[in-house]
Structures are given as structure tokens and as C-alpha cells.
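Common to both upcoming complexes is subunit A, partnered first by subunit B, then by subunit C.
Entry: the complex of A and B
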């Protein structure tokens, strides 16, 4: 049964277009949500289906008309897919201002993909003080305004309900992540499908499927422990990468991946004003390379989590040309060294065809940890 | 007990026969690596020379880029692990191995007890590798084996500012056109490789004792430039090119006695 549920996650994770078509056929409107964080709760409450758009492993051609080569390939592949019509039918795309590359994506999108309107979400750098929360709230109001132009209707009570649905999904995903840490037989590829499928499903539907998985896993005896590790980075969905991880016997006992657990760490707090509460949620978020915090608590979070989950090492999966992640890496490496936790760095991008260098790196890392 | 280590690189294939994990009883090196028949020939050669049959070999471990596709091994291990093991076998006090091969460069740092404690590999880039030197040798129409002697004559090494092989190629051609002496260019080329690799070594936390392995270890000009750049002595051994194969044979021995 566990594998059957994972097959469903896999089917959805590998066929987002079919998923989008299915929602469109049901008469729903789909709004694309770009990395790293968008106020999906607002979209959901206004009747849209938020669908994650994190690019794909495609060859970059048309996007090069707008971007230089030395730019994050996730963003480049999003524009490539947009130009090539892969997102056709979407009512809009919400792109946040969380890194410099995303800012350029928004501007280029306006010119390159005219049939899918660009909705900017401008976040403050200082998101925790009251003025930062007010700024975030104003940004959300701008998003609401743009969505209203597409036929959406904002209602505070509906947002409160969507906040509740998203909070429930967050809790279920956090629980699933904990359960997976105790099941080494679940592969990195399956784990990736679980998280990736969440971007392409209505959260209430995904929650139901994940709850089923948790129930099944809790009733299953776990296999013997393999090589427990923590994975950190922006995106780790490349099938070849996950296949190598599985082949070498790595068991991901926790992740610090933007497209995975980072999405589900923080809930919307209780509050009378649902929009204010959603803005406060962003203020409460942390431990991420694109969320400014001069104290860099993310670094210690990785070390503490590695210890807590008995990880034998940390694998940093660096998305090529991702400045925020590159800045953090040095601190992560030093902190791991200080804590005597082996760490390695592998570099990935959306256009990789050969993973042999990554295999050699991970194989050596496995030997280093084991010998 | 006899074990065999085979290192299938991008340009050469090396074999080592080891007795009881202690004594090297045979070695072979053939030009031609992954995708050629050299790995098999190198294995046949060392077995024949030592008058040993495949049945006499307790275990065979394959390493290097071609390790995945060689059907005559009992297992495969990454070349970094093997270079660390092989280097320590030759130099018991060794703490850092700088391996510059045909297609890549790697730095392996060992703990006091010889356990691998860190490693760094270069990116998907030919700069700072044997390939960089090959390209430059082709432009200069020289044998790469003559680089060392030629660079030693240099009084004013040229500055190769670009770290990219393709751009450096244009730069070298321009410098040739401007009349820069060949020996100065070669010294500059070797320094360029050393600069790139020393940055990698520092990232890995290089510490003495340092040795070089891989084919480029034979190039004295790169070795000297690297030593100068790191401000550390760099040991080299005639077996430098065999470190990977030695490590694989040792790994095979450790597995076989388990």
C-alpha cells in the first residue's frame, strides 16, 4: 500500500501538465506560484488553484534571449517553459522578490510571456518588525487586487479557512517528514515525489493522501538503518541525483531544501484578521537563505537537526549561480566542521545531463563517513 | 593474499598487484583509459608479467572514471578514496594529496591517522587539469613531457590571466603573436594550473605533508609553481601516477580479509 501511495505521488510529480489540465477541465483557474514563497493561501481563498512553477530539466534556448548564462537555471527554465507554452492556460503567475534573479524573472516575464500576467509579490527584507509585517500585508493586498482583476473575489472568512487548510497541510507534511526519517526503505526519489507533488495539488487533496501515507508507514516495520544524512539546498528533484543517493545507500533523515521542508515549517498564527495573520506568518518564517536574518540561524538549525536526527553527514546541493545559497554555504561548512559533522557540496543545475562527477563526490563522501 | 587495483582514468589505465596489503609485486600503465581496451590490456599485462592467473587474485577493485563499466572487477570505489589510501601507503606521514589528472583536479585531506577528513573536486571545467596542459602543448606544438625543461629556462614567466581553457588558448596565441618567448609562456601556463589548483587545495584545508598524484605530478614546473603558491613542500614519488591503483588494491585487501 505504501508503494501504491508513492506511485500516486510520482504520477502527479512527473506530470504537472496533466494535473493542470485536469483542474482546468473542472472549470478551475490555475495561478502559477514561483519559488521560493508565495501567499498561496490568498490564491486558494479566492478560488484559484495555486500550482508550483519551479521550472524543469529542459534545454535553455529562448530564455537566453532575456538572461545571461550565469543565472540560476531554475529561473531560466521557468521562462523557457513560459515562452514555449508549457504553462498555457494559467491565469497568472505570482513571482516574489526574494532574490535578485527572481526580480529579473518578473520583469522579463512581462515581455516574454504576454499571455500569462505577472503578479509581483514584493517582500520586505526586514520582515519581523511591525513595519515589515505592514509592508508584507500591503504586498498581499496588491496581489489580491491583481487577482480580483482576474475574476477572483477576496473574502476574509474564506482566507481564514484557507489559512486553516494550509496549516493542516503544513502539520501533515512535518509529520510525514518525521515518519520518513524512521523509514530508511523509503527512497530519496520517493521522498522527492512526496514533496514535489504538493506543488501540483490542491492542499486539501494532498493532505488526504499524505495522511494515508503516514498511517500506512506507522503500521509498517522500518528497514535497518542505512547511511543517515541531511540534505540542504534549493531544489533536489533531479531523478539522476536521487537515483545516485539511493544507489549509494543514503537515507535522508531531514532536509533543509527550499522546495521541500522549508515550505512547511511555519504556520499562520491565530488571529482575528486573516490577512494580518498571514503577513505575520511571513514575519515568523526563518532558516532560509532568501529570508534575511543577520544572525543566520539556519546554520545552527542544520547542525542541531543533524545531531537530533543522528545524521552522519550533511549534503549541500548547491543550485549553480544561486547567490543566497552560496553566501550561506561557507557558514554551513564551518559550523559542520566545528560540530564534527562531515559535509560535502555538490553542484546541480536544471540542464545537467551527466551526473558522474556528483556520483564520484557522493561515493567519496560515503567512504569518508564510513571508513 | 594477492589483490589487484585497477585505475581507469580518462587518458590512462593503471594496475597494481599487491601481496598481503603490503608489497607491490607488479604494476602496469597503458595509454588509453575509459572507453578503450587499455584497462583490460593493462590488467592482462600485469598478471602476465607477474605470472599470476586471475584465479590467484583474491579480489579486484576498480577505481577512476571508467570504474562503472569494467566487467572484470569485484567492486568499485571512488578514485578520491583510492588516492588517499594509495598516497598514505607510499608516504606514511601524508596529510594531503593533490591529484591533477587528465580531466579534473582533486584535493584529499587525511587525518593524522590517515582517515580521509575532507576532499574537494574541481568543477566541470578543464582549467587546472592535464587537459589544460594538453591544449597548450598542442598550440605550442610541443611534447608535454618537454614542458618541465623548457619552463626551467624561463626568466620572465608570462601572465596567463584567464582561468578558462578556451580563453587561455586565445590568450596564449596572442602572446605568441606578440613575441613572448616560448619558455616564458610555458612557465606561465604551468603557474596558471598551479594557481587554480592551489585555490582548490586551500579550500580543502591542505596541510603538510603534501604530495602530488596523477599524471601532472610528473610535470616539475607545475609542481614547483604549486609548492611556491602554497608555500609548502610537495613530495612526489615515481609511483605518483599509481596512487589510485595502489589504493584500489589496498581497498580490495581490506575487503578480502574482512
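Entry: the complex of A and C
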């Protein structure tokens, strides 16, 4: 039964276009949501299906007319897919300006993918003070205004309901992540499918499936422990990478991955004003390379979680050219050294075909950790 | 017999060049002196509102300026390698790598600065700045003040943005007052904003003298003089020196002279930060072909001329790299048209993802709007490993040939 549920996640994770077509056939409107964070709750409440657009492992061709080679391949592949018509039928794309490359994506999108309007979301970096929350709210109002032009209608009560749906999804994702930490037989590939499928489903539908999974796993005896590790990075969905992790016997007991657990750490707080509460949610978010915090608590989070979950090591999966992560890596490396936790760095991008260097790196890391 | 070395002509101490050079070098020396006297020093990002440290009397040093100086004097690679040995990817901005290396070594003969007691960061030029300063704050164990000015996807600055940035402005002031027992004075603020606007107006006027053909100056001058606009635009002496510069450029035009040596056959706009390690090669590649770089976006970038507090905040929200493609494009089109530009030379700068990230589309649009050829070359503002002189030469030659053909077609 567990594997059957994972098969469903896999099917959805590997066929986002089929998911999108299915929603379109149901008469729903789809709005794409770009990394790293977007106010999906608003889209959902206004009747749109938010679908995550984190690019794909495709060859870059037309995107090179816009981007120089030294920009992150997630963003480059998003533009490539947009130009090639892979997102055709989407009503819009919401792109936040949380890193420099995302800023340029929005600007290029306007000219490269004219049939899918670009909706900017401008977040503040001073998220917590009242003036930061007010600015987040102003950004949300801008998104609402653009969605209204596409036929959406904003209603505070509907947003309150969507906030609840998203909170519930967050909770089950956090619970699933905890349960998976006790089940070494669940592969890295399966784990990746669980998270990736969440981007392509309405959250209420995904929640129902994840609840089933949790129930089944809680009634299943875990296999013997493999090599428990924490994975950190922006994106770790490359099939070859996960296959190598599984072959080498790594068990991901926690992740600090932007496309995975970082999405689900923070809930919308209770509050009478649903939009204000959603802005406060962003105010409470932290522990991420694109969210300013001079203390960099993310680094200590990795060390503490590694200890709590008895991880034997940390694998930093660096999306090439992602400078927010590259700066944080130096601090993660130092903190792990200080805490005597082995850590390794592997670099990935969406055009990578040869993973042998990564295999060698991870093999060496495994042997070193096992010594 | 060995070739006789030409003696450098001494610079006239009454010239703008001398005065501006002195202000730029004094900026580093003054901070070092302040540090010796036990006064606090701030490291400041280039488009942070200088009005804050200047009004509070806080000594400043500018890591971007320092990194440019280090790179121009040939130590960019050496410093970058120090940071890379600590785990910094060579994909990271070379200014940041040089700065992280300096924070570790605390010395670099090519350009020393006073070590800081506080970091004043503003991300209106890039978010990379936030990560760079976060790491500096941790490594140096000192406070960091971030003035967050997000990238504006709209053409105009919204009231919401002005309110958000204004609140931070006063937060930053109060934090600095508390940290170092400093006192904000409205009177002094008024004086500083006056100096800043005066410097900016003179700078804008001076750079606008390129409207004349031939231009009364070599555009590479702007790359040097810009340092004063970055570090000292809030000082009285900067305004005076900039006015002197304007006067000299006007005189050059009247006298038919120019700081550009040789005949100005072609006029281009240079896009992007200078390749500091190859300043000579990039400059000579143009000069040898009779090309004058008559303008750059820097001509516009430091035009902080405002008449109210809100206008000042809006100006800081409108610097290059904080504005959308359309506004960035229109500013450049205006510069090209005002200065009779015949070609656009784009530096695809490996260190600057934001500047290079939508440059292809924007430069296509500028080329079309102005009817001028566009060419780009690969380089880096401070890491010499990312530039090829041969590629640069080939691209500049190509640009020149198209400009030549255009002239012939027009019968010029």
C-alpha cells in the first residue's frame, strides 16, 4: 500500500503537464508559482490552481538569447520551458524578487513569454517589524490586483479558508517528514516525489494523499537503519542524484531543501484579518538563504537537527551559480566542522548528464563517515 | 640603450583631476586616521544613503571601492584565491570575494582600509550584497544594519516602498546613535543633503558635456571620478571638485580640446562595471581605434538630486539595478540620444548576475530604439581570470566596422 501511494506521487511528480491539463479540462485556471516563496494561499482563495514552476532537466537553447551562462539553471530552464510552450494554458506566473537571478527572470519573462503574464511579488527583507508586514501586505495587494485582471475575485473569508487548507497541508508535510525519518526503506527518490508532487496538486488533494501515506507508514515496521544524513540545498529532484543516494545507502532523515521542507515550516497565524495574518506568516519565516537574518540561524538549525535526528553527516547539494546558497555554504561548512559533523558539497544543475563525479564524491563521503 | 621611460606629467593641484583624486584617497586615509583615534568606522555599500553616516559624523570606507582599487592594482586574483580557499565559490561576485579575503587578512598593500565597527548595507544594487555583508558581520563579529530597498518591478516608486524604506532609514539612524553614542542633527542633515545634491547636479552637468562632438572628455575619466560620487558626495569638497570638473569640461569644449587623446572618430556607450584588472587594455582597445566611450549609466546613477525627504528616498529606490527593464532601458536610450552615441559596448560581467541577467534583452531594445549596433564581451569587474583580451579586441573591432559602415551609409 505504501508503495502504491508513492507510485501516485511519482506519477504526478513526473507528469506536471498532465496535471495541468486535467485542471484546465475541469475549467480551472492555473497560475504558475516560481521559486522560492509565493503567496499561494491568495491564488488558491481566488479560485486559481497554483502550480509550482521550478524548471526541469532540459537542454537550454532559446533561454540563452536572454540569460548569460552563469545564471542558475533552475531559472534558465523555467524560461526555456516558457518559450517552448511547456506552460501553455497557464493564466499567469508569479515570480518573487528574492534573489538577483529571480529579479532578472521576471524582466525577461515579459518579453520572452508574452502569452503568460508576469505577476511580480515584492517581499521585504525586514519581514518582522510592523513596517515590513505592511510592505508584504502591499505586495500581496499588488498580486491580488493582477489576479483580478485575470478574472479572480478576492474575498477575505475565502482567504481565511485557504489559509486553513495550507496550514493543514503544512502540518501533514511536517508530520510526513518526521515519519520518513524513521523509515529507511523509503528511498530518496520516493521522498523527492512526495515533495515534488505537492507543487502540482491542489493542496487539499495532496493533503488527503499524504495523510493516507502517514497512516500506512505508522502501521509499518521500519527497516534497519542505513546511513542517516541531512540534505541541504535549493533543489534535489534530479533522478540520477537520488538513484545514487539510494544505491549508496543514504537515508535522508531531515532536509533543509528550499523545494522541500523549507516550504512547510511556517503556518499562517490565527487572526481576524486573513491578509494581515498571511503577511505575518512571511514575517515569521526564517532559516533560508534568501531570507535575511544576520544571525544565519539556518546554520545552527542544520547542526541541531543533525544531532536530534542522529544524522551521521550533512550533504550540501549546491545548485550551481546560486550565490545565496554559496555564501551560506561557507558558514555551514565551518559550523559542521566545529560540531564534528562530516559534511560534503556536491554541485548540480539542470543540464547535468554525467553524475559520476557526484557518485565518487558521495562514495568517498560514505566511506569516510563509516570509518 | 634602454628605452627611456617617459616621465609622468605632474597633475596640476588646482585641477579637478587632482582634487577628485585627493578626495578619493583621503576617504581611505581619513577612516584609517579615525580608527587610530578610537572613533567608530563603518563599511558601507555604494548606494547606501551617505546622508546617514555623513550627518552622524561616522567615518566610512567602501568595500566596493576598495575591491576595485585592489583589482586595478593587480591583486584581484590573489585576494579571490584567499576567499576561495575558505570555501567561497569562484561564481560569487569578485568584489565580495576580495572583501571576504580582506576581512580575514586585514591587510592588502594594494589598498588598505580601516577595519569596521559596523556594516551599513543597502541592497538597492543587488541582493548579493546582503549575503556578503551577513558573512562579514559573522566573520568580524560586528553589527550589520540593512537598509532593504527591494527591486522595483514597476516604473514608478510606490508610496508603500517609500514608507517601508523611510521607516528603515530612521531605524538605522537610531541604531547608530545608540551603538556609538552619536547624535542626529536636523541642521547637519540639511547641510549634508545640500552638499549631496550639489555634487550630484555638478556630476550630472559634467557628464552631460558629452553632448558635444567631439566630447570634451574621455569617458574612462568617469570611471575614476565616480569613486568620489560613491564615497564623498555628501561632502562640501566633493561639490566644489565636481563643479571644477564641469568648468574644465566646458572650457575644453570652448577651446576645442578634450581629455580624450587623438581624433574621436566613433562614440560609444559602455555598459556595465569597468574591468578593473584590464583598465588599460579595455581603454586602449577603444582609443587605438578612435573610439571614445562618451557615456555610461554611471553618468545617471549618482544623480541624487532631490527636494524633499520622500524624493531622497525615491532616488535611492531608483538607482540602476533597483529598477525594471523598461526604466533601465529608457534611461540608457536618453543617454545614447543626448550624447550622439553610435554604438553600445556591453560588458557581460561574470561578477554581476543582476546587471548581466536582463542585459541581452535590454540592449537589443536600446539598439533598436537608437538605431545603433550592440556588441558584448565577457569579463569581470575584479577577477582577471574571466577576461580575454583577444575576444575583447575582436568584438570592439566588429563594433567599429559596423559603426564605420553606418557612417558611410549616412554619407558622413
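We adopt the following convention: the second predicted complex is superposed on the first by the 371 of 371 C-alpha atoms of A that agree within 3 Å, B and C clash if a C-alpha of one lies under 4 Å from a C-alpha of the other, contacts with A are read in each partner's own complex, and residues count from 1 in each chain.
Going forward, a contact is a pair of C-beta atoms (placed from the backbone, for glycine too) under 8 Å apart; a residue touches a chain by one contact, two chains touch by 3 or more.
Since this is a predicted model, take the numbers as computed values, not measurements.
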A:326 touches, of subunit B and subunit C: first, second, both or neither? second
First, second, both or neither for A:17, with subunit B first and subunit C second: neither
Residue contacts with subunit A in the superposition, subunit B compared against subunit C: C
Contacts of A:114 with subunit B and subunit C, given as first, second, both or neither: neither
Contacts of A:371 with subunit B and subunit C, given as first, second, both or neither: first
Partner chain in contact with A:363 - subunit B first, subunit C second, else both or neither: first
Overlap of subunit C and subunit B interfaces on subunit A (superposed complexes): none
Subunit A-touching residues of subunit B, taken from the complex the two chains share: 65, 77-81, 104, 115-119, 121, 123-124
Of all residues in subunit A, those that touch subunit C in their complex: 65-68, 70-71, 97-101, 103-108, 110-112, 120, 122-126, 129, 131-132, 134-135, 138, 289-290, 292-294, 296, 318, 320-321, 323-324, 326-331, 333
Touching residues (chain side subunit A, partner subunit B) in the complex: 344, 347, 354, 356-357, 360-361, 363-365, 367-368, 371
Footprint of subunit A on subunit C - complex, ascending: 86-89, 91-93, 96, 123, 126-128, 130-132, 134-135, 137-138, 143-144, 146, 148, 150-154, 158, 160-161, 163-164, 167-168, 171, 324-325, 348, 350, 353-354, 356-362
